[in-house]
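We just call them A, B, C and D in the order they show up, numbering each chain from 1.
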Amino acid sequence: MPEITQSTAAAVAGVKDGSTVLMGGFGNAGQPMELIDALLDSGARNLTVVSNNAGQGDAGLALLIKERRVRKVICSFPRQSDSWHFDAAYGAGEIELELVPQGNLAERLRAAGAGIGGFFTPTGYGTELAAGKETRQIEGRNYVLEHPLRGDVALIKALYADHAGNLVYRKTARNFGPVMAAAAAQTVVQVEQLLPTGSLDPEAVVTPGIYVDVVTVVATRGAGAAPEPHPAVREHTAEEMVGA
Amino acid sequence: MSGTGTRLSRQELARLVARDIAPGSYVNLGIGQPTMVADYLTAEQHVTLHTENGMLGMGPQAHGDRIDDELINAGKIPVTELPGASYFHHADSFAMMRGGHLDVCVLGAFQVSASGDLANWSTGAPDAIPAVGGAMDLAIGAKEVFVMMSLFARDGTAKLVPECTYPVTGLGCVTRVYTDCGVFHILEQDGARRLKLVEPYGLSADQIQDQLEVELSA
Amino acid sequence: MPEITQSTAAAVAGVKDGSTVLMGGFGNAGQPMELIDALLDSGARNLTVVSNNAGQGDAGLALLIKERRVRKVICSFPRQSDSWHFDAAYGAGEIELELVPQGNLAERLRAAGAGIGGFFTPTGYGTELAAGKETRQIEGRNYVLEHPLRGDVALIKALYADHAGNLVYRKTARNFGPVMAAAAAQTVVQVEQLLPTGSLDPEAVVTPGIYVDVVTVVATRGAGAAPEPHPAVREHTAEEMVGA
Amino acid sequence: MSGTGTRLSRQELARLVARDIAPGSYVNLGIGQPTMVADYLTAEQHVTLHTENGMLGMGPQAHGDRIDDELINAGKIPVTELPGASYFHHADSFAMMRGGHLDVCVLGAFQVSASGDLANWSTGAPDAIPAVGGAMDLAIGAKEVFVMMSLFARDGTAKLVPECTYPVTGLGCVTRVYTDCGVFHILEQDGARRLKLVEPYGLSADQIQDQLEVELSA
């Protein structure tokens, strides 16, 4: 059963100086912006951030980098037209970058959640990004050995949670959420709405509640806005309703 | 550390295990005797049961009209679905186990060694058909592995042993052993694992020590 | 776009003598019984079958084994109270058995579908089932190297398919279906009902159509029986409906 | 093997690629020029588009009211959803690519070698911020990798080269190269990869051969 909190500050309290933080999102889709804002306010520094990108514009991860709270970024695509804060920090030698092909990033996170100690991937074989890594030919194909990528805390965004912590996402905002939720010691999720246990159909749950430690509601689509239909949300009977 | 005057029945043992599961835990109960633990979990404990064939939030055994051939547990017994349940495929289910996300797994055993090695999948009989199922995944996956077994086999030999003589299921994985004669904890101390008797039943601690080839830690 | 066929015989025509066949199911739940019956009728022999069990009673895989069509079984749990046909074949030395811990079986199938050349798993380390296998200590934990398990054909059972091949399953009958669908060169699925494309909500699809090659309808719950509600099935508008 | 009198425009090139995608294919179109291929795919081709940020059944770019910040493609451009679509997470999406399930992937390139090595992620400039995204996964994952590029760089040097001088994205992965001056196939013959010009445009086959340092196969 996850902890439910109304405070984004309380939600991110598990992030300490020096923590490795997994941040969901692909571009802005699925980026837990309000949790990252709270992390900025928390003052935590010397962070290692694992995320697909290295921040955009003047918001979220970009601001953490601007404020030099991030020691190292592990990502696949730091260079964007509006990644000026990362560009500046990198140019000044004030941030470390570990560049990982996007699928290896996703698979390393998946391995961390799945208890896999390492895996042979064909992606990156023969390239600069595999330099120095162990390789092996298996059945005539060349592979690189990659290792799991674990987080102390994952900050992700989902559409709905129930009180048991089950999550569903919305369209391509799903992206890294499910694998990061399983790869961190503590998973913090911001959702549009929190529903009673029994409201999400077990066939359509994407992230089971076992992976979720803290839930906070951030209605980014406007407070009081009616939630849009989602196939997982079902009409619930009194018998099925648990929690509130 | 005072025991009762009599050895524990299977029901009493199941009740004891249920009592020791922390509120809010995610738990997998193995096939056989461990399944009985479910009967003693209270609603206030908010324990969520996992079954490795792809479900969290498993409810009690199904009876009568509620039997559904496509809603079964790992023992292939029809079960029910509780609010907050979720279904997932086999790779996701075993990733959940292997990845250390379950708090407790309760298993039966042929033998447990003093250092927590578990033997529960094969008697090593040469003519037997080997079958392992999810035993090895359960053994190594959960944060805590509780074993339920009788302390002595029918021939009187102890099942808590210096080294397993049956084929092992996993090494150094058991954290607690619940037996009819007492509860044992296997604790990591100074890099070594020590076996400690925490609650004797029916026999005194000294009587138990006398019948074991392993040395109990103080 | 999958091939749709009304004939289970046509559906399993891709299985040849000597094929490796992945068969879904955990016990009877999710076992594609009618496809296996068609496979028995096809006369294909010398098969390698990958499945969690080795057949039960006098049906499905058990009959294939009884008829000595199966050269080798790769499974986790062959011994059951009613696995007498496997027991007899094994006792007579007429079938080979590769015993794999259930989670390694699932992960090897997943690796095959995901293009992973091998992976280090803690499951089975130090046991008879890892005898002779490469091991490695990674960050203080011991692992065994396991390799992908590919099929020529997967035979699985789902609840509904749409004409694009998207699948949803029912309760614990989901089990090995999704990983087997991705692990075989050809995936054949039997479903209760085939729905127009657009009927399954994209948020709740479990197996995307890209993994499905042949679909056949077998109404095991009684012909003409109304399908039960499933969260993925949506009311479709004329605009969304494609196919028939 | 007869070409037209003029080099191909980018639109003509996109049309050519679209024409060569087999009906019923699952296709990933890379960021930039490859995206244009979508405009020339016909409904009769029943091509299903994949975007690596977690979707099959991607529709055209979204405009106006249909723009949804949570429905974007790999280039972070708002797109639409077609009937039969499905969403999945990043690990599943890249498993789909790496596992060889996509029929065709279309990519841009800085260079392609005669043996099908691809260089499209980095110019190797020492002061540039490196960024790879999904390029390396796309390069090695699909059954066929089509490259779209101009045959010559702005400085006139050929981009079809004996060996890539830019950092490679993947080795031996490209199967076809679509350029303004012609279409090349990279074929596996007798264990070696051979580069074959199948359709010249604007230049004759001899003229193209004269300007390349790689030998074209007959």
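Everything below uses one rule, namely that contacts are C-beta pairs under 8 Å (C-beta built on N, C-alpha and C of every residue); 3 or more make two chains touch, one makes a residue touch a chain.
The model shown is predicted, which means the values in this text are computed figures rather than measured ones.
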- Item | Interface with more contacting C-beta pairs, comparing A-D to A-B | A-D
- Message: Averaging over Cα atoms per chain, report the distance between chain A and chain D in Å.
- Response: 30
- Task: Averaging only over C-alpha atoms, locate the centres of chain B and chain D and give their separation in whole Å.
- Result: 54
- Go ahead and note the Å separation of the Cα centroids belonging to chain A and chain B. 34
- Message: Counting only residues that touch at least two other chains, what does the list for chain A look like?
- Response: 107, 110, 114-116, 121-122, 169-171, 202-203
- Item | In chain D, residues with contacts to at least two other chains | 55, 81, 87-88, 94-95, 97-98, 141
- Query: Mind giving me all the chain pairs that touch?
  - Reply: A-B, A-C, A-D, B-C, C-D
- Message: Could you list, by residue number, the parts of chain D that touch chain C in their complex?
- Response: 24, 26, 46, 48, 50, 55-57, 81, 83-88, 94-102, 141
- Item | chain B-facing residues of chain A, complex | 1, 110, 112-116, 162-164, 166, 182, 197-198, 200, 202-203, 205, 208-211, 240-242
- Note on the structure: Residue set of chain D touching chain A in the complex reads 51-55, 68-73, 76, 81, 87-91, 93-95, 97-98, 122, 128-137, 140-141, 167-171
- Message: So in the complex, the part of chain C that touches chain B is made up of which residues?
- Response: 26-30, 52, 76-80, 86-87, 90, 97, 99-107, 109-110, 121-129, 142, 169-179, 206
- Note on the structure: Within their complex, chain C touches chain A through residues 107, 111, 114-122, 136, 138-139, 141, 143, 147, 168-171, 201-204, 230-232, 234
